[in-house]
Structures are given as C-alpha cells and as structure tokens.
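Each chain carries a letter (A, B, C, D, E and F) given by its place in the written order, and its residues are counted from 1.
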Amino acid sequence: MSSTPLLPVLLSIVILLSGVSTTTTALTQDFCVANLPLGADTPSGYQCRPAATVTAADFYSGALARPGILIRPFNTSLASAFVQQYPAVNGLGISASRVDILPGGVVPLHTHPEGSELLYVLDGALVAGFISSSDNKVYYKEVNKGGMFLFPQGLLHFQYNSGDTTAVAFAAYSSSNPGLQILDYALFANNLPTSYVVKGTFLAEAEVRRLKTMFGGSG
Amino acid sequence: MSSTPLLPVLLSIVILLSGVSTTTTALTQDFCVANLPLGADTPSGYQCRPAATVTAADFYSGALARPGILIRPFNTSLASAFVQQYPAVNGLGISASRVDILPGGVVPLHTHPEGSELLYVLDGALVAGFISSSDNKVYYKEVNKGGMFLFPQGLLHFQYNSGDTTAVAFAAYSSSNPGLQILDYALFANNLPTSYVVKGTFLAEAEVRRLKTMFGGSG
Amino acid sequence: MSSTPLLPVLLSIVILLSGVSTTTTALTQDFCVANLPLGADTPSGYQCRPAATVTAADFYSGALARPGILIRPFNTSLASAFVQQYPAVNGLGISASRVDILPGGVVPLHTHPEGSELLYVLDGALVAGFISSSDNKVYYKEVNKGGMFLFPQGLLHFQYNSGDTTAVAFAAYSSSNPGLQILDYALFANNLPTSYVVKGTFLAEAEVRRLKTMFGGSG
Amino acid sequence: MSSTPLLPVLLSIVILLSGVSTTTTALTQDFCVANLPLGADTPSGYQCRPAATVTAADFYSGALARPGILIRPFNTSLASAFVQQYPAVNGLGISASRVDILPGGVVPLHTHPEGSELLYVLDGALVAGFISSSDNKVYYKEVNKGGMFLFPQGLLHFQYNSGDTTAVAFAAYSSSNPGLQILDYALFANNLPTSYVVKGTFLAEAEVRRLKTMFGGSG
Amino acid sequence: MSSTPLLPVLLSIVILLSGVSTTTTALTQDFCVANLPLGADTPSGYQCRPAATVTAADFYSGALARPGILIRPFNTSLASAFVQQYPAVNGLGISASRVDILPGGVVPLHTHPEGSELLYVLDGALVAGFISSSDNKVYYKEVNKGGMFLFPQGLLHFQYNSGDTTAVAFAAYSSSNPGLQILDYALFANNLPTSYVVKGTFLAEAEVRRLKTMFGGSG
Amino acid sequence: MSSTPLLPVLLSIVILLSGVSTTTTALTQDFCVANLPLGADTPSGYQCRPAATVTAADFYSGALARPGILIRPFNTSLASAFVQQYPAVNGLGISASRVDILPGGVVPLHTHPEGSELLYVLDGALVAGFISSSDNKVYYKEVNKGGMFLFPQGLLHFQYNSGDTTAVAFAAYSSSNPGLQILDYALFANNLPTSYVVKGTFLAEAEVRRLKTMFGGSG
C-alpha cells in the first residue's frame, strides 16, 4: 500500500473543492479562540483568531494557579478565567474561577446572569446556598473538601467560610462569560441615587448611605 | 382539474409512509400547548397537550386585561401570563406580564433569571432602570406613554411611578417562563437566617430584622 | 471596616488577570447593542457596540409611541421596533411592533419566519387567526381590548378590525429580528414571472395580473 | 497486561457512583429514538425510547426508496422521513424527504416553519426558487442532476419540473420535524371562511370559491 | 374506519405511564432536578422532579470526593458526576468528573461527543493534548498543579501522568451528560467483527485480535 | 383600490422608523451567506455578506455533482459542501457531502464533532455502522440504493462497500460545518510522538510506526 503524502492530497481536495480563495485561514471551527483586541463581540461570543496562529499554549491557563487579589471587606480572593482572561473558552460554553475565603470571610450575595455554577471545594469548609425565584425558598448546605454544590443560572447565591482555615474552591460555569453581579456593588458602589435605592429596596436611607460610603458609591 | 378530496389523500400518505401505528396523535409541532396538570416539566418546557384537543381558545388569554392583585408595600399590581397562566406559550420563547403602579408605587429591585424584558408603557409615566454586572453601571430613564425600555436577562432592575396617575405597562419576555426574583422577598421573606443575610449583604442586623418583619420572613 | 476604593481594586484585578490589552472595551456581555452601521451581521446577530459608548438612551425607544405610516390597501399602519430600529434588542431574543387597523382594515396573511408573536390588544376589537402546517387547521378568535393572542413561529396568520373604531395592538416577538413575509407582497409585489406564480399557486393568470398591478409587481 | 473483564468494571463504576436505582434504562443520550406511541412530545422533541430496546434497524429507513403517493393537482409524489416516519432523527436536528415531479408537475408554494431545506437533484431538471421576507426579492434558478439549492427557514419556496422527464430530488432539513405549510392547502383546503380569505389576500371572492372547490375546502 | 375513542385511550396511557401525581404544580424552572427512575429522557434532558420534593441535599454531591475505582490497564481511576450520578445538573449545561492517574498511568484517547471539557490539575503533573479535526493538528502541553487545559467538544484527546506522583485533576464539562467514547473500548471491547475493525482502521488483524483479547471484546 | 407603489412606501417606513443611517445593507437575516475572505468566523458562524450582493447563484452549488478526488488507501472519493465550499449554508444548520466508494473501498472510522449525519444511498450497497459512547454498543446494517442510515453527532462511524459496483451516497449534516476527524489521520498522519500514540491507544509500537509510514505521519 502506498505511503504517498496523504495530507497534501487532502489539502488539495479542500482547496480544489472550496471554490473560494485559499487565503482564508479559518478553515474549521473545532475551536474559536477569541480575538480579543481586534475582534468585536457578537451575541454568540468574540470573533475567532485565525486558526494558523493558535498553539497549544492558548488552551492552557495558569490564571487560577494562585489566589486572586484580596478584596478587603469580604476577606476573600477572587480569580477569574472567563473569556477575557482565557480566550480559548470563547464559544465553548464553559469557564472557571477560584475563590479563597479566609476564616470569617464571605463571598457575598451575587448572581451570574449568563451561566450556572458548579462549585468544587478544594480545601477547608464553607456554607453554600442559593435562593430560588418566585417562591423564595432557600437551599443551603455545608460543603467540605471534595464536595460540590450547584447554583442555577441567575439566582442569588452566597458562600462563607465555616471553618478555621482558608476555604478554597474551584468554580466551573456553563458559559464562557457568565457575568458577576455582586449585590452590594450593584446597590452601593455606583452613582444610583440614594432615593432610588431606598425606593427599590425599602432599606432605610441611613443604611443606604452607610453602605454607599463603605463600598465607594456616590449619589 | 380534480376536486377529489385532497386532505384524506394527504392523510393516507402520512399513514402509509409513517411506518408507525396510526394511533399517534401528535402529528406536528407547530405549537406545544403545555399539558400542565398531567405532563411533567423538562428542561425545554412542559409536555405538549395532544394536538387534537387544542382549540383557538388556547391561544387566547385575558390574564392581562385587568390589573392583578395589589401588593401592599409596593403599591403595585402585578398580573402574569407566563406558561403556568398561559400554557400556549410553552416552547415558543415568549410570555408577558402587566404592572399597574399607583402614584408613589414601585416595582422593587428584581431579576428575571430566565429571560430579557421589553417594557411598553401603556399609561402614565415611570422611571425604569437596570444595573449592569461586573462594572455596576446604572442605566435609567423616565419613560412616558408609548415609550419602551429594555432589561437584559438576569440583571437587577426596577421601575417606579414618576407621575401623578397610575402608571400601566405591558412587559414581554424572551422566555415562556422568565422567573421573578424580587430582592426583598429573596432576602427578607423566607427563613434564611438573619446572620446569613448580614454576612451576605453587610446590612446591619437590626435593619435585616426590621425588613424580615415587614416582608414576613423568619429566622 | 475599610472604605477604600473598591471599584479601582476590582478593575485592577480584572486588568491584572486578563493578560490582554486593557484597550479592549467590550468587557462584558450583559447586552450587545447592535453596531449597525459598522458591524457586519452574523448568524447570531450584529456585532456589539463598545460598551463604553452605550447609555441609558440606547435601551429606550419611542418607535411605537405613534402609529406608523398608513399602508393604503390594508387601511393599517405598521410600526416596527426590530433590531434595525431598536439596536439594543440585538442578541436578547425579543422585539416588538405596533399595528393600528382602521375600521374595515386588515393585516393581511403573513408569516414571521424567525419568531413567534404575542399580540396584546390596546384598543378596539379585532379577529386574529393562524393556520397550522401539515393539517391546515384554522385557529381564530375575536380579541377585545386587554386580550392576547399567540401566533406560533413561521405560520400564516392575519388580523382584521372587527369593530367600529380603530383597533390598536402591541406585538412582541421571540426574536430580535423576526422577519415579515406578507403573502401579497411575496406573490405580487416583485418580478416573479406571472407564469411561475400561476404554477406555484393554481391562481388564474388574470387574477395574478390584477394583483400584480394592484401591488406594484412586474413580470 | 491484564485481560480482566473491563466492561463489567466500567458498569460497576457507573452503578456504584450513580446513587440511583439501577433499574433506569436511559443511560446515555448519544441518541434519543422517539417513543412515538407512548411518549408525549416536548418543545425539544419526543421522549426517548429506552436505549436497551434500540437496535441498528431503528437507524435505518427505507421511507424514501420509492416515490410517495401521487398528489393529483400537482403531478408530484411526496414521501417524508420526518420524526413521525423516522423516529431515530428525534433530537438530532435533521430529517429528509423525496419529491418526484412528473413532467409539467410542480411543488407548489409552501414553507417549512421549523427548518431550512437543502435540495439535491437526483434526476431530471427543475426550477427552484424562494422569496425573501421584508424586501420580497425572488431567488430562483434551474437545477440539473447533481445540483443543489437552499431554501432558508420559513420562506415561501417552490419547484417545478423544467424538463421532459420526471425530476427526482432528495431534500434534507435542519430539523427533525420541519413542518410543511402548502399555501393552497392553508388557504383553500380547510374551513377558513371565504370572506376571511378574501380579506387576508385581496383575491377575488369567485377565485377563492373556485380554489376551495378544487382543494376540498368549505366555508 | 373506526371511531373508537382514541384520545381517552391516549390520555389513559399518559396517566398510567406518568407515574407522578396529577397534583404537581411545577411552578418554576429555576432548576429541573432529573426524575431519573420515573421520568423518560427527552432531547433536552430528563423530566423534572416535582419542585416540592427538592431539597438542598439535591444540589450537593460527594461523588468526586474520592478517587473512582481503578481501571487496570490504564492505571487511572475515574469518577463521574454526570446527570445520572448528579441529577441536579439536568438542564443546566454543566457536569464534572475526577481522574486520578497513577505514576505511569494514562487516560487513553477518547472523546466526549456532547460537551467540551475544562481540566484543572489538583495535584501532580500530566501531559494533556487533543487533535483537531480536518487538519489533524496536535495541541499538547504539560500541565502542573493549578494549571488548566481545554478540550473542545468531540475531539480526540488524552492525558498521561508525566511525574512521579499520582496526578489528580477535576474536569468540568459544558453539558449535563457529555458522553465518553474511549477509543480502545469502542474498537476492542465489543462484538464489532474483527474484519470490520481492520477495514475501518487499517490495523493489522493480529493486532486487532490482541487488543480485543486485552479489552474483553469478541468477534 | 389604489395601485400606488407600495414597495417604496414600505421602504420609507423602514427608513423613517429606523433612526439609523440608511447606508447599512444588511437589512434582514432570512439568510447569512458567509463572507469567507473578509469576515472573521464567530462561534455562530461567519459574518454575512451584504444582502445586496447575494444572488440566486449563491444558493446553488454543483460541488457534489461529480465524485471528489480519489483517496488512495481508502478507494473512496469524498466531496464536501460545507460552509467553506457552500457559503450559503452559513447559519442555516445544514450542509452535505458525497462519497463514492469503489468495490472493496471504505470510509474509515471517523467522527463529525459538530453534527449528526443522515446518509442516503444513491447507488450500490454499503454497510454503515456506528459505536455508541459509554456502553460501546455497535449498530450496523447493510444499506442498499434508496435506503438511509443515521450517525448521531460525535460518534465513531464507518461505511464500506458491500457490493460489486461503486457505492454512491449523499450525506446531509445538522451543521453548516460538521467537521471531520478521520481516526487514522488523527493518530498516524501528524507529528504526534509515537510514544504518545502507544500510551493513548495500547497499540504496539511497531504497528504505530507502520501506520505512521502509511499515512504520512512523523515523530
């Protein structure tokens, strides 16, 4: 049997049949590594980098190898590997983050508008919970090392360290860009007028002002 | 040209070609009216009622012809035409609701985890706004009769009456079941322990207790 | 507790972790306002405008505040708020239109190839109906002020004024760009040869010519 | 190296880890052969037959091996392999049909509300065309043996034999159940009142009555 | 033709098979915990358990807290938390598994037909790689503790321990049921006739027989 | 009734309501013909060519009118009409290919990572089969002229000529770009080190070297 160079033949077939210029580089879409600086975003994700420029290094990320920067009031470090930090997840419907919650620390109430989250506890112990919509039922549980907990898309959820050591968890998301809306930031870390926050939450005005000061908001 | 009965012929074709029992009734899926009492829910929606039992009346709904029941602390009436109230929307990616906001009334901060919302003001004037995730930017605007505003999926948003008369609005959603998570209910109308709410929001404990009392929560 | 500027810290985290140029502006995709003049369309919608250029005004539209231009033979005004008129709906799976049907007027048989429609009657009375595929069953009903009717995706449907006053309705769609194929325009308002129309519909040639003249077609 | 029975080990893993009764039979979803007589339809398709009952014969179909029954006024035979005739396509987003168009025959104007169509001509010659929405532009072309033509989802399209021999074509669809709305049947083969058809199409009443008689409609 | 009451019969079937109380109200679909023993699978996933029976424990899983059972020839333990083992992931587009690769061990070439995989290395070091389709390019890299690697949907990929200690990794998938097709099992652990394997792979017949013996296949 | 030019009126409506520059050309998305040389790929497909440049010729393809180039070791010709060869399929979820299998020829084991395949036999006879994931069950059957067989997405499958004449088949896919991963090419036609192939498959090293020579691989 022949040992003739099959790859060139295959390429020839592709070129002969294609009926389009051979200068296009995006021949397949096994993957679509995001072309972040050049390519505009679309509803389905970023434009793809030309396949010829993609190497194995693009599929690797060390973004979650160490804790992220500590966020003071929460005593928690957050590191993200969403599409902006890990362009290879573009279009693949998956991404990740890592939280390191110091003793006494919390991941405050927040939502991911664009994805569900599966949390795997790497170290320590934490309480994880979420609140369902419509019937406002609370689902929470202590999760120890090796345990998992699920937060369905778009629902308010939280975690806090329930042990004496730093709790570390790896979170995977069902989206390349799940978004993160932290309740305290949404209410108190922007210029939404205090009177609107009061109207929209029934919180006392003084409490809103206290938290706006704490989280750096104005208005 | 013939006036032979074409429909029977067409049915015969279907029957002859089908190779399956002719007792099946689900011939098409132009629509899938939810079989609410019998059919279990699936990730894509409810099972369909047999097509032969569906009539024009199923595609009609009067659920939004009048204001819903008044919700006291909000001074707002809410009526919904989601899949539970309007089974014909099942699988069609659309549903609706109606809000009637009395003078001074509000639709407090809330999210729809499963859909985006397009609001059309039928009467009066209201301020509508939402907060983006990640950068916590606020987008709000007064909307008068005939105006529309958009709330993207999963983001905290609110409305309040900015006029002297009842503001009425029709809302359409990009889902047959968008969900509704009202922030005050999620935090204060259930048995989520006060200490968790404090941890997860940085609100003062007394404020949490005050609002739990107001919204009927415990713990 | 600290009141240190949290937002800058958060931004620093994003920047530090991102590993990409900080000049990219499309940081999130809570929304993707269509970049209509510049951005090419894709199967999932238009490219997004840079988030930094988006303001609250983009989420507002007055396109349906008044009737559209009257279409003579139909005695109906049509105004649309699809993605071309309301760029903020891009990627959100929703859009809207408004019809004002004069007494005796109609919305003639048409389809929306890319979306289902939920019609809410704002004023007057109309008959709304659609025809299912495969079994050609007709579903129609009179709908008065406050009533709703559903037209599943891609099916022929129609409305006509059944009262003495102008019937006004707001329509929401399950797509940012549902399309609109008006049967009379598709058959009679273009250059499709008369002989093809006759072949494809079994209409009499004279009738095709009469309607081509009426709707401005040729051939 | 060991030749120990790996399959039993693998099954043991599945059973041990599953934490649910081992009596469930739907272990995977490589495929979901429609359980037509028993299983209710859902928005995503029919329920799956238990995997243990599925054999290679389910993935085979002879439904398109011969022409379907001749439809008189069209001089065309139609055979379908949609999910009702070919249950294995359920959930796979594909199905097929076959048309045999006698000399002088046509496939009259119709739409597939739920799928796009790719037509491959097996024999003879035909003219294939469709009409775009909104701008009503006509795209048509003669296609000979071995040629293909595309009809995008939901748009009115047609074919007619342009040669002297029977034209045969195989059509693939992007849906397991694309639907079929034949314009003449939708307008004239049901009980839609003549006056509605006239209102909705601007056809002359006598022409509507002539075609209702031809296609077996009433009203 | 019979006029026997088919609808009542069909309804009876549905009722008999449904096996769920007709009182279920399934008010929301924040989540859809799989009803594994009772509910049939659909193309979008399993039927949902009634919401009233769901507790926080359903969102927790300990399935990946310890290594799975050792698979001898691979020197690797595999534990899965797909929908069969972790019913709460149903419909959420996410799931997980854990591999423990002994020194010298491998995860042999395999695909996940229904999902992409994001691998996070918990301990040790491994080489991870995949092969693109069409151009057969190989992407591989050593990944140490804290590193991540991506395997796009449906592509052949592999891992092997490149260190002296057990390599442990957590894998997240973009599907609740990504599937697992291990190449050696697909070729050599079933009754696919040896002659077919030879035809389909160009492997020598003796080699096919050797591997069929090793992996427990026949034929 | 008026014969005034309706099309200009309709265009005026669009222009008046649009509130955006009238220079944009992508007015609808009935279709999105791929702009291959200019437009970057996105996760949902290529950018669209401006609608004004699209003609009926774009929806036609002759790519499958004749056999493709013969691939020697397989004795099979392959011609593809994926999005690169047939840009009009972009975004429509469908594409096609044609195989001509000489007597004794095969389509070796391969997968389509991005789509399911429906095979229609045009001439001759072939054996078609696939292997399910997880339980490694084999489904295969002889298919004669006019018969069809289904290969679900991502699963290993094969065909071989079981007759005395060339077997010809038309294949439709549920994706505009299903991908093609031929097992022999993935393992033996690239620079994947022999030692990795041995680790990942348990094939004997000599056999790997023999096949690397046969298929043009290195390493």
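Some notes on this structure:
Note that a contact is a pair of C-beta atoms (placed from the backbone, for glycine too) under 8 Å apart; a residue touches a chain by one contact, two chains touch by 3 or more.
All values derive from a computational prediction rather than experimental measurement.
Chains that touch both chain B and chain E: A, D.
Among the pairs D-E and A-B, the greater number of C-beta contacts is found at A-B. For the pair chain E and chain F, the distance between C-alpha centroids works out to 25 Å.
In this assembly, the C-alpha centroid of chain C lies 26 Å from the C-alpha centroid of chain D.
Centres computed as Cα averages put chain B at a distance of 20 Å from chain C.
Measuring from the averaged C-alpha position of chain A to that of chain D gives a distance of 40 Å.
With touch defined as above, residues shared between interfaces to two or more other chains in chain E number as follows: 14, 27-28, 30, 42-44, 46, 63, 73, 81, 113-114, 129, 132-134, 136, 140, 152-155, 179, 185, 189, 214.
All chain pairs that count as touching, in label order, are A-B, A-C, A-E, A-F, B-C, B-D, B-E, C-D, C-F, D-E, D-F, E-F. Residues 1-7, 9-10, 12-14, 16-21, 23-24, 26-30, 32, 35, 39, 42-48, 90-91 of chain B touch chain D in their complex. The part of chain C that touches chain F in the complex is made up of residues 36-37, 40-44, 46, 63, 68-69, 71-73, 78-81, 84-85, 87, 113-114, 177, 179, 185, 189, 213-216. Residues 73, 106, 108-109, 111-114, 127, 129, 131-134, 136-138, 140, 152-156, 158, 160, 179-187, 189-192, 196, 199-204, 207, 210-211, 214 of chain D touch chain C in their complex. Residue ranges of chain B in contact with chain C, taken from their complex: 1, 7, 27-28, 30-31, 51, 54-57, 59-66, 81, 86, 88-89, 92-96, 115-118, 120, 122, 129-130, 132-136, 139-141, 143, 145-155, 170, 172-174.
Interface residues of chain B facing chain E in the complex, by the touch rule stated above, are 23, 25, 35-44, 46, 50, 52-53, 84, 113-114, 177, 179.
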